[in-house]
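Several structures are given next for inspection.
Okay, so chain A shows up in both of these, paired with chain B first and chain C after.
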Partner chain A sequence: MNNKNILIKQILYLVLPVISVLLLIVLWFFASSVNRVLVPTPGDVIDRFVKTFTNPINNQYIWGHIWASLRRVLIALFFSCSIGIPFGILIGWNKTAEATVGSLFELIRPIPPIAWLPLIVMLLGIGEIPKILIVFIGTFTPIVLNTATSIKLVDPLYLDVGKMFNANSMKLLFNIALPASMPAIFAGFRTATSGGLMVVMAAEMIGAQEGLGFIIQRGMDAFDVPLIMVGMVVIGLVGVFLAVVTNYLEKLVCHG
Partner chain B sequence: MSRKKQISKFRYNIYAILSVVVFLILWQLIVSLGYGGIIPSPVVVFRTFLIKMTDSRPDGSTLPTNILVSLQVACTGLFLAIAIGVPLGWLMGWYKGIDRFVRPIFEFIRPIPPISWIPLTIIWFGIGLGAKSMIVFFASFVPCLINAYTGIKETNKTMINVARTFGASNFKVFTSVAIPSAMPLTFTGIRIALNSAWSTLVAAELLAANAGVGYMINMGRSFGRVDIILVGMVSIGIMGYIFSYVFKKIESVVVKWRTV
Partner chain C sequence: MSENKIQVKNLTHAFGDLLVLDDISFNIKNEEFVCVVGPTGCGKTTFLNLLTRLIIPTSGEILIDGIPADPKIHNISFAFQEPSAFPWLTVEENIAYGMKIKKESKDVIKKRTDEVLNLLGLQKFRKQYPHQLSVSSEQRIVIGRSFAMHPDLLLMDEPYGQMDIKMRFYLEDEVIRLWKNFKSTVIFITHNIEEAIYLADKVIILTNKPAKIKEELEINIPRPRDIASKEFIEYRKYVTDQIKWW
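Take a look at the complex of A and B:
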């Protein structure tokens, strides 16, 4: 009796995901049958995706656009890590720095990165540097915040042990506080990555000649809904790819 | 708090205020000396802020109207996301069947950045309140659901077993043990949702709107009025700050037992 119940449950658990995916596809096809221009079928989207490999959009194949977005995010991430982590350590470790530069940072932080867009576009135009700068603003904040918070929250016991062994302040920071904060810094990096993807999309939608945000915007201007969906799915895949790479890096740094 | 600690806290507060003042003075100085380019001085920005309270030029609405429009959109989307995302996350965390059913759809939608929904939503629903609320919904739904789910999953097994030993039904354990213990994480999720809702809204208003703070900023760009842009940015920042402050108060009332 009990075994039979468990068996039914197991089968149900296997069948339920299949049902939900089927339901989604049926619903999608139903919506397409009502208005195929507004809601193209999954087949249309796949066809459009295949076409991006042979028909360039603004002289770029899909790889070029993926690389354009990815490059912007990676450059911005590089700069926000190399500036943000030391800055986070500074305001997490030093009380005076926290009160001075830290409060300025806190003052500017509530402004969402995307709200910087018009100002930066006005000051620097719509070239490559302003885009990277906006993504930088978006990725800088989570990295600084996580670094500073985790440095501040390092277990005092660890630090006291270090002090007992006569470690100086630098040693306490680099041999105890920093390694202990590594997981939190990585969590910040992960938030920064997904945030950076979002900001780069916004920046490319507002003014760009290449990139996945540009593809989506082009799809909207040309009323090419399949192209919009291609852009959305591809940016989603890029996000998944970056998350996997980040997880791998984290394992390498934190446990290896 | 000891006296010494109080004094040092006071000193750091003074530092904080001083550094902000120094920042503003430096900004004013740079502009006054003519090195600011098109950036207006803080005094001009403040004056524009005051004028904008009653003057609807150049974008067509006064600042309070713009803020209200943005708030309305943000609250509608956020409310829907909380009302659907949080219970769904709880149910998914507790009932495996629901988890198996919803998860494939959720995992398909999750990695797509909410901003990239904007063009599709505009084509489908136009640029009205509904369309923009939907974009905000997409931005805030995911963190609400994930954190509610994790909160249920991280419920202490001992507590669940104690409740079961005392004869509580599965549903009773869910409502009386699992949900309360998931509350702190759920609130964290809503707080993340709040931030992401607010910044996505700005993007939506930059791309398509006829009122709202993001629209005001964009018009500031079209008219070459950097002071309007800065007023908009500061207002967005202040609103975001007030949002999270109010929310923290609500959280401390609802999650009384939270120690951290």
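Take a look at the complex of A and C:
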């Protein structure tokens, strides 16, 4: 293939994404022109978003709702890391633990977190703790799973290096298996974060007074479609924000 | 202390029905550089794993300074065939790692780390991570980590297998420099005959699997050696002929 063709291809790959986005916007405007109530224009959504800074929804500006959702996810993540990482290490490292508590975990694991929602609401009501608990269930699984798998599959070569220096098994675990597993644990954390956002949305759509899920629910009740879309876009942005923070943390912790 | 640093007596190993090492006996003198050559898959790596006790032999004995080899007592270092520097540690942390496990004092660790970094010309990379270096530099970290232990016995398993000729020559001189500096006893595995004759005081030639010792050959060429010299070529031809016998 000659250089000219390669250049054309490169330009094409640069231009195609732009075209796709433009196409989507055109389609959006077209849909709005058909039914503006059900499909507001991008401008309507932006106007609605600006209004959330001045007109409170259920006594809270948008920041309050963002913080409500974010807080729930962060508290849940905090607990699922501080319990899930040690638990994952245990069942990844210790065959007996894997056979006992590990198999219990395997049994419960396939239940999707949202399936727990009704049971938890019936048992604990619709307060703050049941919401955090349900997000915890959603974030705990990927963290345990990634930690356990990567501890179990750590390259035996690295362990052999430790053994040849006569490292004891605690050193093998904390100096070698754990740092070798950090990238996989972060991958689990990333999955947990997006899973957590998904679960918090569902939890907030059932009897919450604040949060982005609540906003979406409120938009639906009031037939305020721009508000629904504001909630959707903002939760997406929260996800991007968390991903950026996670990447930064990962760079700080692992260098490999 | 006996003159022999290492005594290997009737070492035999089988993985299930697969006999890999068959009744191997030899001695290594203190501060001797021994190369082991043998065909691919004949059991060279297995042999080293036996020496470090990563595998327990089916029968036979390995004595270091007259005592059965034991990583708790002896200082045995192993440079593995595959790159084994820890990606999560910097170059200097990698080199210091074994000494930290052995609880050497801070001063000793610092002194030997600096020494190794200097000998390997890695000072400017000391704060970098292995993946930021070339593959050959990564293998040098591993070799440095092994020498820094001041091991009773240093085992090297085809450490230069992946490298091109030019890099090999350079690193072979480097390993000789480290060996002289640290006065280590070295067993170096290779299937490159030229490399073995260039490096070794003594070459041990293994047969095909199950591996036996075909011959122990002293290399009496003064160092630094010239691979183009007449005597070097004679040794190389001799060893090559020995191997053709199989």
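Note that the second predicted complex is superposed on the first by the 240 of 256 C-alpha atoms of A that agree within 3 Å, B and C clash if a C-alpha of one lies under 4 Å from a C-alpha of the other, contacts with A are read in each partner's own complex, and residues count from 1 in each chain.
Here is the rule we go by: a contact is a pair of C-beta atoms (placed from the backbone, for glycine too) under 8 Å apart; a residue touches a chain by one contact, two chains touch by 3 or more.
Please read these numbers as outputs of a predicted model, since none were measured by experiment.
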Touched partner set for A:Ile111, first chain B, second chain C, both or neither: first
Chain B versus chain C as contact partner of A:Asp47, first or second or both or neither: neither
Touched partner set for A:Lys171, first chain B, second chain C, both or neither: second
Partner chain in contact with A:Gly219 - chain B first, chain C second, else both or neither: first
Greater residue coverage of chain A in the superposed arrangement, chain B or chain C: B
Contacts on chain A seen with chain B and repeated with chain C across the two complexes: none
Chain A partner contacts - residues on chain C that touch it in the complex: 52, 54, 71-72, 76-78, 80, 82, 84, 86-90, 97-98, 101-102, 129-131, 149
Touching residues (chain side chain A, partner chain C) in the complex: 157-158, 160-167, 171, 175-176, 179-180, 182, 254-256
In the complex with chain B, residue positions of chain A that touch it: 12-13, 16-17, 19-21, 24, 38, 95-96, 98-104, 107-108, 110-119, 121-123, 194, 197-198, 201-202, 205-206, 212-213, 216-217, 219-220, 223, 225, 228-229, 231-233, 235-237, 239-240, 243
Partner chain A, residues of chain B touching it in the complex: 8, 11-13, 15-16, 18-20, 23, 37-39, 96-97, 100-105, 108, 111-120, 122-124, 195, 198-200, 202-203, 206-207, 214, 217-218, 220-221, 224, 226, 229-230, 232-234, 236-238, 240-241, 244
